[in-house]
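One chain, chain A, links the two complexes that follow: it is found with chain B in the first and with chain C in the second.
Let's turn to the complex of A and B:
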């Protein structure tokens, strides 16, 4: 039993997106306060889209995020189409999937290379890492650039897509451009392997910590594959899946006093989403190369060490590149056709889900018969992770309380970073009814 | 093959004079056809994306608001070797970047142009707001003229 007195107050954890605080006060081994706090201001997007045309929704909500703007845009476009009865062609579906994969690579490379790697190598940021390991840093920069250019080819620009419309795409790449992209993706696989090797060399610095956890992610039971864009909601805690329109029965969002972001829970007091969740639900469906990378790290289905979320991201980066090379071949074999967008929106309400890099993302909208938005409800992956971060801390801290204070602080910060939280996406407007 | 010269406008137009780099690039773009060998880029608050923009170039001209202990509106042009950064980074975000560090990083990675020239403009106001201060607005033509002179007009 520890008798340590520890006071840690990390105001605005560095190397995450957005702002969050870690507070730990323990006196003579008794933990008096341990909180993961989210102080970000509300964003008001759900209010902003009310009254707007179904055509405007994706453009507006893409601004929720600069890293995962494609995921927000795709979730919004799918939800708008589901709600208003608009169908899309198979070509559109495949091009959007290819666009979605680009964001996974971009976000995972950024997270592992710029945000997590400094901790593994004992540096405050990636900048001093350049002097220590210029080769790997150059590789990370090159991969990030490739992913950005891939996104720009399909989305019209790196951030905030402009090629998405309900019913189709305003612009599609040429077959030459897709072939060039395919070549670049083939050439980048050795670079991804090199990054995996470098991270493996420092993987011993990932804390050894486990906590049995519920993991939630998309699962496609109709066409089994490692799902990012199609599927229903699955959990490691139950068989079967839940329809996306019933996402509220999964998220069960509730207000926490210590956070401007809501928390979520399903079968337990919390659950986790993200790369490790997807791995734990779909690992057998990874590409062979991705499986080999997972094996390198000893990452197996059932892993409940949150620090290994970053390892799962490396595995997924390889998988999306492999899968995209095949997807481009499919598109080229079918041949690309220019498709006009002709839609007649109906009144309706529906949801859509995609796997953003950080986890499963839900968008829900209702439209009137003129196609104007009456309501919106968005549930962000990081929102769904906050309660799990808190629960992880509550198990972790007693196990490490006898370590030096700076090591405790580092492990807590690394824990938050492992989730790759996008905190500014996840804050929410309170919606309360006064009962007194 | 990239154009040999890039002009990067850095800054945030939502923070008054902090956006001077972006405003100047927008103005320069109006006569971009006079400079066929030059890319004019609004690099905004891109931070690490500066590395992509300056790679494979012979020369990079960077325009940014700069705290130089000079009267507001003062413009100075200098090379990275002529200054030392005193910027303190909190490492809170990848958007938060020290240009001198990014250039040093590019050099260590072998990705920096041989020639880098920086135009720093001392702001009057850096606070939330659209539009430049009068102090800077009144000198826009002077700034444009200096940059075009650097481009060899």
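Let's turn to the complex of A and C:
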């Protein structure tokens, strides 16, 4: 039994998106306060889209998040199309998927390479890492550049896409550009492997901590593949899937007295979303190279060490590159066609879900017959992870309470970082509900 | 000469403009060679209270944030507003279109509307709270424009950003005019400097860089008339990034 007295107050955890605090007060081994707090300023997005045209929704809600703007834009565009009865072609669907993959690579490289790696090598940021390991840092920068240029090719620019319109794409790449991208993706696989090797060399610094957890992610039962953009809602706690339009029966958002942000729960007191959740639900559908990388780290289906989310991100980075090489081949074999966008929106209400890099994301909208937005409801991955972060901390702290205070603090910060939180996103949506 | 110290702070925003600094890729190494980034919460654990240049992303929506911003202004020799949220208020100002904030909060938060942590004030651009020395417009910022401005400052020169509309850059690129494709494009009245990246992708300009100082209102009216649209069509699109801004062509 520990008799430690520990006081930790991390006011704004660094190297995460948005503002979050960690508070731990323990006296004589008794934990008096342990909280993951979120003080971010809400921005009222769901209120702001009211009255706006179905055409303008994506422009607005993309601004929820700079890092996962493609996921927000895709979720919004899909939900708008579902709600207003707008169909898109198979080509549009495939190009959007290819765009979505680019964001997974960009976000995962950013998170593992720039935000998590400093912890593994005992540095305060990537800046001193540049001097300590210029080679690997330059490899990471090169991969980040590739992912961004890939996004720009399909989305019109890196952040906040400008090619997505309800009903189609305003611009598509040429076959030559796609072929060049495919070559670059092939060439980047050794670089990804090199980054995986570097992380593996320090993987021993990932805390050994496990807590049985419910994981929730998209699963595509119709055309089985490792789902990011299609499919329905699946959980490691139950068989079958839940329709995307019924996402509120999954998220069950509720207000916690100790947090300004909403929490979510399904079969247990909390659940987790993100790369590890997707891995735990879809691992057998990974590309062979991605499977080999998972094996290298000893990552197996059923893993419930949250710190391994970063490892799952490396595995996914390899997978999206592999899969995109095939997807480009498919697009080129079909041949690209210029497709006009001609839509006539109907009144309606519907949802859509995509996997943002940090987990499953739900958007729901209702439109009147003129195509003006009447209401919106958005559920963000990090909102769904907040409760799980708290529950992890509650199990973790008693296990490590005898360790030096700095180490406890580092492990708690690393835990928050492992979830790759997007706090701005989650809080900008907090508590937001329309009363009709 | 000692390297100038740069600190990066954010308020209500998506942090996408900070991400554009990360997106400088290899070039960020050059920046780190000529300046010391001493605080940047999103990317670094290092912190410092001493800095020469403060980069501010995001708009100001709470009283406590106004106070925090004033403290930063007091310490920084040069303050730069980074991106639409900081420069004009950006999409966050859509909130200001609702006259009754209590009604908005109730509509959004239901029964919880009275809780203290849900307080919100009129969204302000950084320049409505403290003096801004330089602005990097756009949502997100343009990386090349950002490096140009920082480079100019480090060399002791005054950066100049375009005083002409997006149409100039769009025409120079040889893009077909999107008005001819029934898109209500704000190119005629919005500040250039983005390389007309949206119309170049077939997407109308929605005004993220804010109005030019002297927008040619008559030209915008001519365009509306020529394409058989009314002023309301234009107003609807101007609201996205141009809510409650001056100058406007509302009158």
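As a convention for this text, the second predicted complex is superposed on the first by the 427 of 436 C-alpha atoms of A that agree within 3 Å, B and C clash if a C-alpha of one lies under 4 Å from a C-alpha of the other, contacts with A are read in each partner's own complex, and residues count from 1 in each chain.
In the analysis below, a residue touches a chain if its C-beta (ideal position, glycine included) is under 8 Å from a C-beta of that chain, and two chains touch if they have at least 3 such contacts.
Keep in mind that what you see is a predicted model, and the values were worked out from it rather than measured.
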item: Fit or clash between chain C and chain B when superposed on chain A; value: clash
item: Residue contacts with chain A in the superposition, chain B compared against chain C; value: C
item: First (chain B), second (chain C), both or neither touched by A:170; value: second
item: Chain B versus chain C as contact partner of A:114, first or second or both or neither; value: both
item: Contacts of A:127 with chain B and chain C, given as first, second, both or neither; value: both
item: Touched partner set for A:265, first chain B, second chain C, both or neither; value: neither
item: Touching partner for A:391 - first (chain B), second (chain C), both, neither; value: neither
item: Chain B versus chain C as contact partner of A:44, first or second or both or neither; value: second
item: Contacts on chain A seen with chain B and repeated with chain C across the two complexes; value: 12, 14-15, 17, 19, 110, 114-115, 124-125, 127, 130, 138, 141, 144-145, 148
item: Chain A-facing residues of chain B, complex; value: 48-49, 51-52, 89-94, 101, 105, 108-111
item: Residues on chain A engaged by chain C in the complex (per definition of touch); value: 12, 14-19, 39, 41-44, 46-48, 52-53, 56, 59-60, 63-67, 69, 110, 114-115, 118, 124-127, 130, 138, 141-142, 144-145, 148, 156-160, 162-163, 165, 170-171, 255, 260, 424-425, 431-435
item: Residues of chain A touching chain B in the complex; value: 12, 14-15, 17, 19, 110, 114-115, 124-125, 127, 130-131, 134, 137-138, 141, 144-145, 148
item: Contact footprint of chain A on chain C as seen in their complex; value: 11-20, 22-23, 25-26, 28-29, 32, 37, 40-47, 61-62, 65, 90-92, 94-95, 98, 104, 106-110, 112, 117-118, 120, 139-140, 197-198, 200-203, 206, 236-237, 239-240
